[in-house]
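Take this structure first; my questions come after.
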Amino acid sequence: MHKITMLGTGLIGMFYTVTLLGNRSRDSVECVYSRSKENAEKFADEWGIPRSTDDMAEAINDPDTDVVVIGIPNYMHLEAVKMAVDAGKAVLCTKPLGRTAEEALQMMELIEKAGVFGGYLEDLVYTPKTLKALASVRSGALGKVLWTRSRETHPGPHSDWFWDKEKAGGGAIIDMGCHCIEIGRNFIGKDIRPMEVMCWADTQVHPIDAEDHAIGLVRYDSGAIGQFEVSWTFRGGMDLRDEISGTEGTIWLDHFLRTGFEMFTAVGSEGYVAEKAEGQTGWLFPVGDEVHELGYVPMFAEMLNALDEDREPMETFYDGYVVNAIIDAAYRSVATKQWESVELEVWRGKEATTVAGGGFNDYDETFYLVKEETMPDGRRKIILKHKKTGSVEQRILNRLG
Amino acid sequence: MHKITMLGTGLIGMFYTVTLLGNRSRDSVECVYSRSKENAEKFADEWGIPRSTDDMAEAINDPDTDVVVIGIPNYMHLEAVKMAVDAGKAVLCTKPLGRTAEEALQMMELIEKAGVFGGYLEDLVYTPKTLKALASVRSGALGKVLWTRSRETHPGPHSDWFWDKEKAGGGAIIDMGCHCIEIGRNFIGKDIRPMEVMCWADTQVHPIDAEDHAIGLVRYDSGAIGQFEVSWTFRGGMDLRDEISGTEGTIWLDHFLRTGFEMFTAVGSEGYVAEKAEGQTGWLFPVGDEVHELGYVPMFAEMLNALDEDREPMETFYDGYVVNAIIDAAYRSVATKQWESVELEVWRGKEATTVAGGGFNDYDETFYLVKEETMPDGRRKIILKHKKTGSVEQRILNRLG
Amino acid sequence: MHKITMLGTGLIGMFYTVTLLGNRSRDSVECVYSRSKENAEKFADEWGIPRSTDDMAEAINDPDTDVVVIGIPNYMHLEAVKMAVDAGKAVLCTKPLGRTAEEALQMMELIEKAGVFGGYLEDLVYTPKTLKALASVRSGALGKVLWTRSRETHPGPHSDWFWDKEKAGGGAIIDMGCHCIEIGRNFIGKDIRPMEVMCWADTQVHPIDAEDHAIGLVRYDSGAIGQFEVSWTFRGGMDLRDEISGTEGTIWLDHFLRTGFEMFTAVGSEGYVAEKAEGQTGWLFPVGDEVHELGYVPMFAEMLNALDEDREPMETFYDGYVVNAIIDAAYRSVATKQWESVELEVWRGKEATTVAGGGFNDYDETFYLVKEETMPDGRRKIILKHKKTGSVEQRILNRLG
Amino acid sequence: MHKITMLGTGLIGMFYTVTLLGNRSRDSVECVYSRSKENAEKFADEWGIPRSTDDMAEAINDPDTDVVVIGIPNYMHLEAVKMAVDAGKAVLCTKPLGRTAEEALQMMELIEKAGVFGGYLEDLVYTPKTLKALASVRSGALGKVLWTRSRETHPGPHSDWFWDKEKAGGGAIIDMGCHCIEIGRNFIGKDIRPMEVMCWADTQVHPIDAEDHAIGLVRYDSGAIGQFEVSWTFRGGMDLRDEISGTEGTIWLDHFLRTGFEMFTAVGSEGYVAEKAEGQTGWLFPVGDEVHELGYVPMFAEMLNALDEDREPMETFYDGYVVNAIIDAAYRSVATKQWESVELEVWRGKEATTVAGGGFNDYDETFYLVKEETMPDGRRKIILKHKKTGSVEQRILNRLG
């Protein structure tokens, strides 16, 4: 049972609070901080939180709480982590951890030196679908992962500071690329080193300094590619999908727009439909339970259970640091227009995973097997490559061949 | 915070227990009963439940618990309710409430006379999608509901007693029709009286006495039809879908097979994929989090919150009784091959909701408007019916018409 | 190469003509008839048809054409068939063949006695998906067919006469039930006799005399059920889906609203989106090529090839007659509120297909096998029924069991 | 009416022939060539083609044909085009046009100098869905196109020569990237110049010299990105999808795996399921009519109609040349690991389309409008950027604001 200080009363603070208080929870939010006193009071009133303040230090040092949840803008994370560490409290920080790997590394070192519990609130790795998909991948259902695509696009964030390059640390990449990159990393393997990044970004639609659209490729040491697609220019709601391809299988996840809930209405309804929905009439695609589908419920359960059990959570400050390092490389690549190395001062995974030599399928002593398939007439066709000459040929086998 | 006696250690007992203990819950299961002492002990061990027994009375009268959850075969419900009422405990009973309306009515009267809390564990009304869809329908997004289709089909239940007509009270209708009927009732309006039922049922595949496939239509006083489709002959997994049609809109829900999680695997994985999945390789369609998607999490939260707040839960023993009465009519219809009245000794809804008179759309003083539409060339076409002569005609309007 | 007289210039006449003239066709439409001279001329002009007239006899007796295609209202079919037969021409008639089985039987006898070619233009049996699905079913991929559901619903037809009970011969059942019934019949087997029908119908929304919504069940001699759902009250476009369940498999077809084409637009577009679409903005679901997806292209190809090859087409006047007989029974059932026999004066299929005796799966000499499944822990569970006592029991087997 | 010489009897020759002879076609295939005499004879026999040969010159110079269709391996295209041009015949060439832009340019110049009709058989631009989507985009339904994603992945091609880098001119990029690139170009605008390409490629799975997986980004002069994803490592069938994002809308197309046809079978069926399907049992996703869904039918109709009408077809040799030039840049980018310019010796589109200056939305004289949205409580929030200071701020408006 934990008593929590909540920093932030925006959309993310609201989602976090709904989650922490929902589902017969044993935990409670005891104090809330907002930069605006009015917002803090209103929020406390709405969610039945005993204390509210516009003094961050006061909130963090609240004598009755043991956990600090950081749900405030990116440029304030480092300061909040410092205060929480000084207060000796467990600290759970929203995504991205820092605006840069340098900031993230500082935060990681702060909690590690102090020995306090740190959790990185990367919710999209915790969606029920993602957790089950990860379990399948880890059990080998897809063979070796070759490629992941993680996509988050919508018409743009809700609060002003996201659109401010300085406060946010960037645009769509820092806002949503952090999700997509960590999703890819989880499927490819967190112990596989991210080597280099190629990224395109542009400001296509909005009058802002940061990018509102970007596509990036992260190449891992295993040869796998983690592709991310982020945009604030998308029309039609929030597109939140993942694809994973392996040597033995494929997974497709849709978290938001096509989840088995389809509604046509000529009437519409009042107010809020779903995070980042567009329109109130025609065909709409609500999600059943946003805080669950977006991973908040499983995430806080795992985080607080880890705290209770005195173990590391699934997503740590170290993970947040690696993600920031990949994002740094992405921004460099946008500028240089070439692949850029991921600079990781601290690397805790495997050192070299690239397999030396082919590992190709032998057909016999002379040939590799390139492909085997059934033809329309039911016979089997095999395509072979000569191991020495390199020539490729095909053979048709009888049904029993 | 509640301490619970769990009756039953089958699939449903397992789902209930996972739910009650999950997600940072403040509640606990303190005692578990199974007809088999071995199963009770094994279950208690697996889920960390302090006490287990094969003596139902002992479990129900456990001095430390205040809530009894009934997850045992249908023919044991009445006896369990009696004991729980005698013990003065809140009682939550799985679906269907009784094998017949008569049994259900007895249970309802028992709890009402004793003044204990009773909850009807109709989980599929509580799925996140259903709850949100119900909110949309109640806010008028679909206009007047005209028709619902609720479908639950799979290759057959897991435990032997389901297949025993006497113990279960029937076959697929009593097992799954209870879900589908109550889903339809919720969308059409619980205060709208179900009038009559037409039902087809047959034993198409299995060597059993009860039906393994049935289709029924429930006609409500509003003119709406609640269609149910249940089968133990379906191939491909568990098909769990709802469709709702209203004068102003449509809702389609898919709870299981097409929820935005698609996996192809040539490898397969060990053991359990999903409730009632078929196969381990090829294209598979897992659900993210079964206990959440099937409504168990929101259901127990609402039930126990209702208990805390001293109010009726969303699904009561009265609802269970109405559902049993509709099922009774369905079985009669199967036998007589005609529509059969729903016999409701106790009716707590509206008395007469059928609207007298048309309420048709006037086009002008002379005509009703039958239809209005845009033609391929962009002009508008209207179809009118003369109020007196009844003749139908069409007119083409200019674009500005 | 055929020269065609087209009767009718409404939506169906347009679809037929587009089809017959499309895709590098060798056939041509040489003469068109409409009740309105103006419409006939306009249509001829638009599609490059040499001759047009408002005199049906003149069109049918056009000396240069050898095929008559009937695309006019239901009440005119019989007269048109008579004239075409008198002219000795091949005749292809739109659906439904007659307003009643009696009318359909007359038409069938007319062409059979005269020995002219007759084709029943049931396009939805010819959709590319349906043709491939039928091939799969016939090759045994679904085992024995147990149930079909065919659904056609939209916000109502385009022309006035559809809404006139007398001219059309009914409402949504005669208009669209004919499609759904024949789809079911094809999957269940055309040689399996339709025995009886249970049907609900109501006029829920429109100011008309005929039904605007109906659900029917057709019971076949094999025990299979062909379910049809038709409505002019549906909102959201045209819902055109089929489901087929067999002992060994399942098929789901969506012909219109979810076919892999999804569009969100904040702009909309001018004019015609798709047959029976609703709305111009938001999420829209166009089909790629309507005349192909709705079966017109494969249908006319098969019909005219059959004519060339002097063989019966896939859909004959006899099929149209059987469909009308089932519809007649459906209307009777609506009135009597009980199952009604299908009266077939002429029956050309099998006489008795109901299997006598169980054909259940033996487990061993003593037991039938009710079900076999894998449990979450990987062990196999079997459920058995004693052949003599009828008692049901379950056994847990080891992995190798 | 055209008489055709078909070069090639592989899968593509078979698809072309099925198409040209299907649907009541007025055209005919009169002569077929294969490198293997036996295959040529067998093919001619199967499809009723009067003449067959293993002498390409003989086939092309067949005195009775006026059109040559090239469906042979990439390295033979140039020679075949030369011969067809010498014979003065119309020539339709499969994709890719050349192995390099240099080859493609030669072919283009050959037909243009000779004045013979040339068509580039890029079928996937002609799928019914693509044609309708292109019409929507051109009518402005998506506003300005910002990004396209075109994906073609499957477990690898059917014939040996595809796997031979020299004969094919590359691997998955040349084989399938040509489709994806031209799809992107069509949506973005064929008159918009492709400027540069960034591409990753690797040989992840097969024992071959060419790439079996690649991702590329093509940047157009308008700022739009045309993304292509190609792979011979995909598991689960053939994944053929397009996504188009514009300032005002979104289009998603699925051509193969999720098109509204879903089948579960425990039995499987004999032989051929669909091009590049995997498996015969479990959940399968056939397409209704492959030659239509993959665009062959509309493509040949448009090509031959263009020939009859003496106009350019939708896809010309020039288009094939531009595609090859983009592919050349992609291969260079793989090698240099940076963006590479698209070298177009011949450019027939617009010269400079990049809009100078922002064109941002003014909110008023002082501010740009960054975003406007409805909050959960129904109020409107606007996010503004100061035109001079660049600072970003948000304002909450009343409902009527």
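Going in written order, the chains are labelled A, B, C and D, and every chain counts its residues from 1.
Quick note on the criterion: a residue touches a chain if its C-beta (ideal position, glycine included) is under 8 Å from a C-beta of that chain, and two chains touch if they have at least 3 such contacts.
The structure presented is a predicted model; accordingly, all values stated were derived computationally and were not measured.
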*To reach chain C from chain A by way of touching chains, what is the minimum number of steps?*
1
*Those chains which touch chain B and also touch chain A*: C, D
*Does C-D or B-D have the larger number of C-beta pairs in contact?*
C-D
*Cα superposition angle of chain B on its copy chain C, in degrees to the nearest 5*: 180
*Taking mean CA positions as centres, which chain lies farthest from chain B?*
D
*asked:* Counting only Cα atoms for the centres, state how far chain A is from chain D in Å.
replied: 32
_Distance from the mean Cα position of chain D to that of chain C, given in whole angstrom_ = 35
*Please compute the C-alpha centroid of chain B, do the same for chain D, then give the distance between them in whole Å.*
48
_Touching at least two other chains at once: which residues of chain C meet that condition?_
142, 235-236, 248-250, 264-266, 270
*Touching chain B in the complex: which residues of chain A?*
22-27, 127-129, 131-133, 136, 139-143, 248-255, 258-270, 286-289, 292-293, 297-298, 300-301, 304-305
*Mind listing the chain C positions that touch chain B in their complex?*
142, 146-147, 153, 155-161, 163-164, 198, 200, 202, 204-209, 213, 215, 217, 219, 223, 225, 227, 231, 233-236, 239, 245-250, 270-272, 337-339, 358, 360-361, 368-371, 373-378, 381, 383, 385, 390-394
*Going by the contact rule at the top, pick out the chain C residues touching chain A in the complex.*
235-237, 264-266, 278-279, 281-285
